[in-house]
Amino acid sequence: MVLAEGRTREQKRDLCRALTAAAISAVGARPEQVRIVIQETPLDNYAVAGVTFAERAEDALEEPMK
Amino acid sequence: MVLAEGRTREQKRDLCRALTAAAISAVGARPEQVRIVIQETPLDNYAVAGVTFAERAEDALEEPMK
Amino acid sequence: MVLAEGRTREQKRDLCRALTAAAISAVGARPEQVRIVIQETPLDNYAVAGVTFAERAEDALEEPMK
Amino acid sequence: MVLAEGRTREQKRDLCRALTAAAISAVGARPEQVRIVIQETPLDNYAVAGVTFAERAEDALEEPMK
Amino acid sequence: MVLAEGRTREQKRDLCRALTAAAISAVGARPEQVRIVIQETPLDNYAVAGVTFAERAEDALEEPMK
Amino acid sequence: MVLAEGRTREQKRDLCRALTAAAISAVGARPEQVRIVIQETPLDNYAVAGVTFAERAEDALEEPMK
């Protein structure tokens, strides 16, 4: 799975547990059959609608305080 | 995510809901940020330890009833 | 790349040409270095916010005409 | 792994065995750790240098016999 | 998408814009539907014909100047 | 392909050679058609049965010597 960089080690461990439990309950997979690979992606390498999350963060910083 | 062929439509829908809920609870993702693509894989195209799941199913059929 | 099922053969050919031209112009890749694999995904296997595109299509059909 | 459509069942089984043996010998993986998922791809969905393998096959058919 | 390491931040931003524009024009995707994940790959982890791009770079350095 | 972090450069080069030879022998691929991308994955980002390989390594360290 693809995950934007920035989560803590604990969050990633919680995520693996929660996703595994979800797969077991939803489709009856055996625990050892559930293999999770987290592809951590820098904000510079992750874009929606042509704009990377790094650019969005920069734009948000440049916006005047309302 | 990779899923061996053979699950029902309902199971796949349950799986998408459960995985999404898991991602939201574990890393605080917003629902619309959670995108799931199920890559359904025929048993002939899925192998562990060099043996496909189709071969394993065939072997199981040939085993004498205990 | 992941693409929801339903595009024509011509659209997929146009897509391969356009993506290849984009990669060549943006990062100076050589044409033969650009390899595109389209993973066509059934609407039942593609979900955002926990709801598959097949479910969304069904819901849209059940909505009363405005 | 991505594989153009068109191989036989036996070829795919040979491939899974050969790739698994390669992984075990090269990096000391245990057999049960080696999981292979073959993503069979139609020639219409597989392009190099912007041209799909289906288009290449059509062009080859239209070429006059030398 | 897989991209060999070594491109600048600006090149990656241009790439995301160009690929998104290509997807919109070729298959009529809506901008917010186009999600790009760049999997930057070290030259040691990227091989064609069994030889990594790092090995190819080393070989090129060892070749006598013509 | 996904590979847990921790292998040497030489092991990865051997792996690329061995996998390429396997693909050539099993399905008659041409060498230049075989493209390998190693996605090296930190032990914190790789889980089986909901437990990451980093957690498993920590548990193994805490076990009393037998």
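For reference, chains read A, B, C, D, E and F in written order, and residue numbers begin at 1 within each chain.
Definition applied: a residue touches a chain if its C-beta (ideal position, glycine included) is under 8 Å from a C-beta of that chain, and two chains touch if they have at least 3 such contacts.
Remember, predicted model here, so these are calculated numbers, not experimental data.
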item	value
Which listed pair, C-D, C-E or E-F, duplicates the contacts of A-B in over half of its pairs	C-E
Label of the chain whose CA centroid is most distant from the centroid of subunit B	E
Whole-Å gap between the CA centroids of subunit A and subunit E	22
Euclidean distance of C-alpha centroids - subunit C vs subunit F, Å	30
Set of subunit E residues in contact with two or more other chains	12, 17, 19, 21, 35, 39
Each pair of chains that touches, named by its two labels	A-B, A-E, A-F, B-C, B-D, C-D, C-E, D-F, E-F
Partner subunit D, residues of subunit F touching it in the complex	1, 3, 7, 11-12, 14-15, 17-19, 21-23, 25-27
Subunit C partner contacts - residues on subunit B that touch it in the complex	9, 12-13, 16-17, 19-21, 31-32, 34-40
Subunit E to subunit F touching residues, read off their complex	2, 39, 41, 44-52, 54-55
